[in-house]
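Next come two complexes, and both contain chain A; in the first it sits with chain B, in the second with chain C.
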Partner chain A sequence: MNKSVREPLFHLVKRDGLVWWKSWIVRLVAVVLSLLVSGILIFALTGENPINVYITMFKAGFATRRRFWALLQNVAMLLCVALAVTPAFKMRFWNIGAEGQALVGGLATAFCMVYFGDKLPSGLLLLVIFLSSMLAGALWAVIPAIFKATYGTNETLFTLMMNYVAAQIVSYFTYVHSNPKGSGQMGVINKATQAGWLPKIEGNNYLLNILIVLVITVFVYVYLSKTKHGYEISVVGQSENTARYIGIDVSKVIIRTLLISGALCGICGFLLVSGTDHTLTRDTIAGRGFTAIIVSWMAKFNPIYMVVVSFLICFLQKGAVDIASTYGFNDALAEIITGIIIFFIIGSEFFIGYKIRLTHHTKGGKN
Partner chain B sequence: MSVPAIELRGITKTFGQVIANKNVDLVVNRGEILSILGENGSGKTTLMNMISGIYYPDSGQILIDGKEVVIRSPRDAFQYKIGMIHQHFKLVDVFTAAENVILGMENEKYNLKEAADHVRKICDQYGFELDPEKKIYAMSVSEKQTVEIIKVLYRGADILILDEPTAVLTPQETDKLFAVLRRMRDAGKSVIIITHKLHEVMSLSDKVAVLRKGEYIGTVKTSETTEADLTEMMVGKKVSLNIDRSDPNHPQDRLEVKGIDLVSPEGIRILDDISFTARGGEILGIAGVAGSGQKELLEAIAGLQPLSGGEILYNNPKTGETENLRNKTPLEIRELGVRLSFVPEDRLGMGLVGNMDIIDNMMLRSYKKGRGIFVRKQEPRELADTIIKDLEVNTPSATTPVRRLSGGNVQKVLVGREIAARPTVLMAAYPVRGLDINSSYTIYNLLNDQKDLGAAVIFVGEDLDVLMELCDRIMVICAGRITGIVDGRSAKKEELGLLMTGKEAEDE
Partner chain C sequence: MNTVIAFLTRAIVQAIPLLFGSTGEILTEKSGHLNLGIPGIMYVGGISGVIGSFLYEQSVGPENIQYLPAVLIPLCCCLLGSLCMGLIYSFLTVTLRANQNVTGLALTTFGTGFGNFFGGSLIKISGNDVPSITLTATSNMFCKKLPFAASLGPVGRLFFSYSFLAYAAVVIALVTSWILTGTRIGLNLRAVGENPATADAAGINVSRYKYAATCIGSMIAGLGGLFYVMDYAAGVWSNNAFGDRGWLAVALVIFSIWRPNVAILGSFLFGGLFIVHNYIPNLGVATQELIKMTPYVVTIIVLIFTSVRKRREDQPPASLGLSYFREER
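Coming up: the complex of A and B.
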């Protein structure tokens, strides 16, 4: 071989698709590697034993019943938004306004609790709250959808800006209804009567929330994979030209899908205000609208995988907060660890799709 | 012939499990035109992309003037005086020819006047006709191609690679291009031309290298071979290149297109007063240079292009009623009971969804069937199995995403689905583009079957020889206008070529 020739050290070769269990091994290896790298980082920066740190992290989610239920509640809330954005994403409609859509759902909930709390019987009140939260979320999502369908506006910017509008309206609402007056905070709504609160099941605060999200999971799964609407969403997302070719009314599908997507976001706002916090602030959704995008993508728009991914992310977040406080770490370190783990998991997808081939290996002439 | 201008030794390139090139050897001398012949998917373009620095080979060597070189980017390729003219032009529309030519040349002073003079000199030397000051958007396809060729000559290329250069040209333009290429050869340059058209190979090149399914079959001297021998090398077995054309089966007017006009959103007139009649039981061919409005015409009939004028009348053979299809959506057309099938040019971007499997693609036409909100998969599943069996679709299973299938199999799936609807009008745009010879003949036979069953078949083709063998009548369009409708049995190639360039038939 002529050695004067410079050759690239390696190049990438596309895989033809891996067997499912092999791809899960790749993902598992990625998690192990990420824990190893984070461990080295923890030891280098703080001198703590990484194993102890990981045990603390694990305990954050699993040590007590109460913690475990709190973790499940968080998983359910994140999962709810992730499920909500999925129909839109599957249609290639980049809805990054889930935060705002969920927030107006929460706003509608708080509004009904304040104004109808002492006027309607509790069953009817809950129904009114539920429907108005869905309506509010749907409205917030359908505005950009209508503009996209009729004028071809960019939905990414539009939905993003709707978030700020929602946050400002909520700020105004909480200021007007602040308790005590002038504090800017609403406090617990209907503390004495508990009117419009989602009921406990057998003394468990979160069980009903979780069950509702489970129902939504099944609904989204069936809707996307078994119905005519779901099929239309796939076709529009894959190729708008094909959709037109077979006579799908693309505008109609966009608007219809965003109504559903927004309504599901609205339900999340309802669950957070009526079922969890019993108050409303502009941070009620706490960034779930954006984290949900990661969940939806990492799960490849599959509602069942989304359960797993939501669980992983919530567990990591909770664990990161706990190790930060237990060991007196800076908050940033906890986030770095979460970041490293997610980076490795997303990165592993690359190795599922491609393999790296060293150049001199193939020079021997074998294929 | 001492040292070859370029030599390839044992070049191999794979994509996943697909072997695009396997152990290819190739020699091109100075002052020589080499044709790379092979069916679509045989790895011709991949091989040339490795010479021009777009792909990097998995193994093997490239030698320029006898010295081994590594070409990692198009910039490296230019350094070795290799220039490639791609099938799809890479020009900036709002720039002039001269501006495009010097675009991206870093180590040269930006002097448009000198560049334009240099371009004129190159034109004179090789016999191009080009105005360096003309903007690209005002140019014809053939002029744009000239700019691409001058671009690489300007950079001093000694080895020119042209990827299917005649696909977008009329017969007359092709002759002009070939004259230019011969002059380059006489000036000592090496020319490599990728093609799958046999008569071009025979008339132009000195040598032919044949690839089949990525494998290098051999190189022969053009003077020592025949078209039949080359076909055999290309396909691997003897094939008969005949289409059985039956007589029209009780032709009756099925689709009457009357004076339709189409203006694009940019205000460009794409279809200009198009009128013709498609009859049941015959094949109407549409010929024309690519981009003359063929695609839009079929899409307009299928309800995908809003028209600004004219009528599309459909005579329903069952009810005897006449419907106007103008500006109806595809869904409305189907609800009228019009069995209109359409095989669009863009198979995976319009006719099928690449990421969906064969069953889901069968459902595209029928998913709305049945009551209720759920889709039914039973019928599409059966249809998929039937098509796979009857048309011999080569696929691992009915649940394989169609983008994984080869071009010929993709087309069988699409044509199979469209034919399954028992169409009374069947439109097909470039249905054999990219297909191997055997698949092409399968498609021709399917179209002929539909004709015999009484469907009005409209076939947009690019190969004039095929159009003349297959069609009962051939309609020629140029720049959105009909320039003539001729009988398929008596048509002459020269006549069609003239019509394609816009010279209208004198006696119609």
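Coming up: the complex of A and C.
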């Protein structure tokens, strides 16, 4: 055979699994590289020493008690949605509708605050709000799940569309109940009575939110790794056929998991409306539903890692917002930097999963 | 009659960014890649064009600009910007086999951030002393209409009163449709999207097709952002004004069941639904918001309907969302 075989310089081999500390080194390198690139970007824009800029960033999160609590609150909210989407993701059900599911949870909360605010005693009211927000979130998630389970309807696209249906319903609601009338803004709900507001603990606004999210973290961790349901979820995620073969009712698992996933999203809406903002807009969730997907995936669906990743992302976002205001730039710098970091971390997963081998050229052309 | 014509022309102007976006996304999805970064890419396309024309206008002065550079500079910047976004996406998902949903969403975060950042800080960065980014002069160049349109009455207004990018959108959609169904390249591309392993075995360079489809798709989608700024918004960039149009474009892909030629009519319908609330008398502001929901609801219904009917030609590409690794076959 005279035709020479063109051989690529290297080829890819799938790794069997990297020792955990090696994989974390790869991720760490990715984060450092991304900070370097963001540093260059910041330097190009401001002409400021990037180290100083990172110090500014650090101060943004930690300088005062108030700032630190605000950071923790943000982490808790992002973490809550990330935890909520995880059971579905582990099952390879690509629920990208967390934004909408959390938003209808917030809608249910605002609804109850408006309609039952002066009718129910505060303890009962909070319970009603809590349950209805879970119910609303679960409902929003289970509709695509039912169609996925029965007809195989593409869940990514379905849940994506549900986000905007939710957003428009919320817009409608905020116009109907706007204060002052016709402004389209609800203003602070029950400002005078504070009915349906999550109570402060020791004068701290956010502590209860954070504690609730901690409970959810433990719940999701136990649910996924210690229960039969969690086991069924991972089997369905690995292979639906295997799941059927060992007698798991796949449709039932999909619907049940999405009920839980949606309910947890609903709780996040509840925490944001009742525990944080005390108002509702179509942007209440502020893109957390999408960021959460990235968090959950980067943390390999492990609730403990998710705490770390959410913290990292919130810290960077807060820092970037601070840099932007210090140097007179637009807030959106935060999103650019978050984007860069996520790109690097996503990219680094490749080096954890695959090995690059140089092709050894043997005499005779054949390998 | 006049109201009807006005409604239709406005609906079509609303439709064009969606049409660009969904044509690009269809092309990408046909290669098996669900690019959820389309909203971000359209943002970047828009702002890149704005940056290009802003710098050009500032360097020669808005009154001295000439037609050819005034159109070509933003156009090239827009294509370049969206190409870069497409490259980031395809490098991560094709070469590094990253999860497509996660990459796409990150791309959207990055893209909207990029748009809003430069939209808000371009004046400061470039060191110019103007109150806002208003590119009326460039916009006028983009909006040059066919000279005989005015003389044709209603027909002229309905068919000939748009800028060249609007016609380009329709032509690109038709050409894409033809390439997908009528040429060997299209056949290969669809094979890659349906079953990359089989396509690979048949000697098709899977990665090359995926890269090309994603990058060209991104560039087409980016034009939607450019059209929005230069034509619809008359050259005025305001942050977040682009709104949900990117996602609406993704919805349109499903609505048109992955056919660019259907997407043309679909985009006109969506454009109409987008503004119809202005033409219904005695409509409260609140109810308007509910009407704006219809494109998404209609899309969900189409999605359910196609999955229940299970007609093979109406299904999403079989390997949509999955990355391909040759040794895993």
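Just so it is clear, the second predicted complex is superposed on the first by the 329 of 367 C-alpha atoms of A that agree within 3 Å, B and C clash if a C-alpha of one lies under 4 Å from a C-alpha of the other, contacts with A are read in each partner's own complex, and residues count from 1 in each chain.
As a convention for this text, a contact is a pair of C-beta atoms (placed from the backbone, for glycine too) under 8 Å apart; a residue touches a chain by one contact, two chains touch by 3 or more.
Just so you know, these numbers come straight off a predicted model, no measurement behind them.
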Query raised in the report: A:V13 contacts which: chain B (first), chain C (second), both, neither?
Result: both
Query raised in the report: Which partner does A:W94 contact after superposing on A: first (chain B), second (chain C), both, neither?
Result: second
Query - Superposed model, chain A: greater residue contact from chain B or chain C - result: C
Query raised in the report: Once the shared chain is lined up, is A:L127 touching chain B (first), chain C (second), both, or neither of them?
Result: neither
Query - First, second, both or neither for A:I55, with chain B first and chain C second - result: neither
Query raised in the report: Touch check for A:L157: first (chain B), second (chain C), both, or neither?
Result: second
Report task. Would you please give the residues of chain A that touch chain B in one complex and also touch chain C in the other complex? Result -> 13-14
**Report entry** Parts of chain B lying in touch with chain A, wherever the complex brings them together
**Finding:** 10, 12, 14-17, 19, 22, 56, 58-59, 68-70, 72, 302-304, 329-334, 342, 344, 346, 349-356, 360, 363-365, 367-368, 373-375
Query raised in the report: Taking the complex as given, what residues does chain A use to touch chain B?
Result: 2, 5-8, 11, 13-16, 226-232, 234-235, 238-239, 241-242, 244-249, 357, 362-363, 365, 367
Requested in this report: Sort out for me which residues of chain A touch chain C in the complex.
Outcome: 12-14, 45, 94, 96, 147, 151-154, 156-158, 160-165, 167-169, 171-172, 175-176, 182, 184, 287, 290-291, 293-294, 297-298, 328-336, 338-340, 342-343, 346-347, 349-350, 353-354
Report summary line: In the complex, chain C touches chain A at residues 34, 36, 88, 92, 95-99, 101-103, 105-117, 119-121, 124-125, 239, 244, 247, 250-251, 254, 284-287, 289-290, 292-293, 296-297, 299-300, 303-304, 307-308, 310, 316, 320-321, 325, 327-328
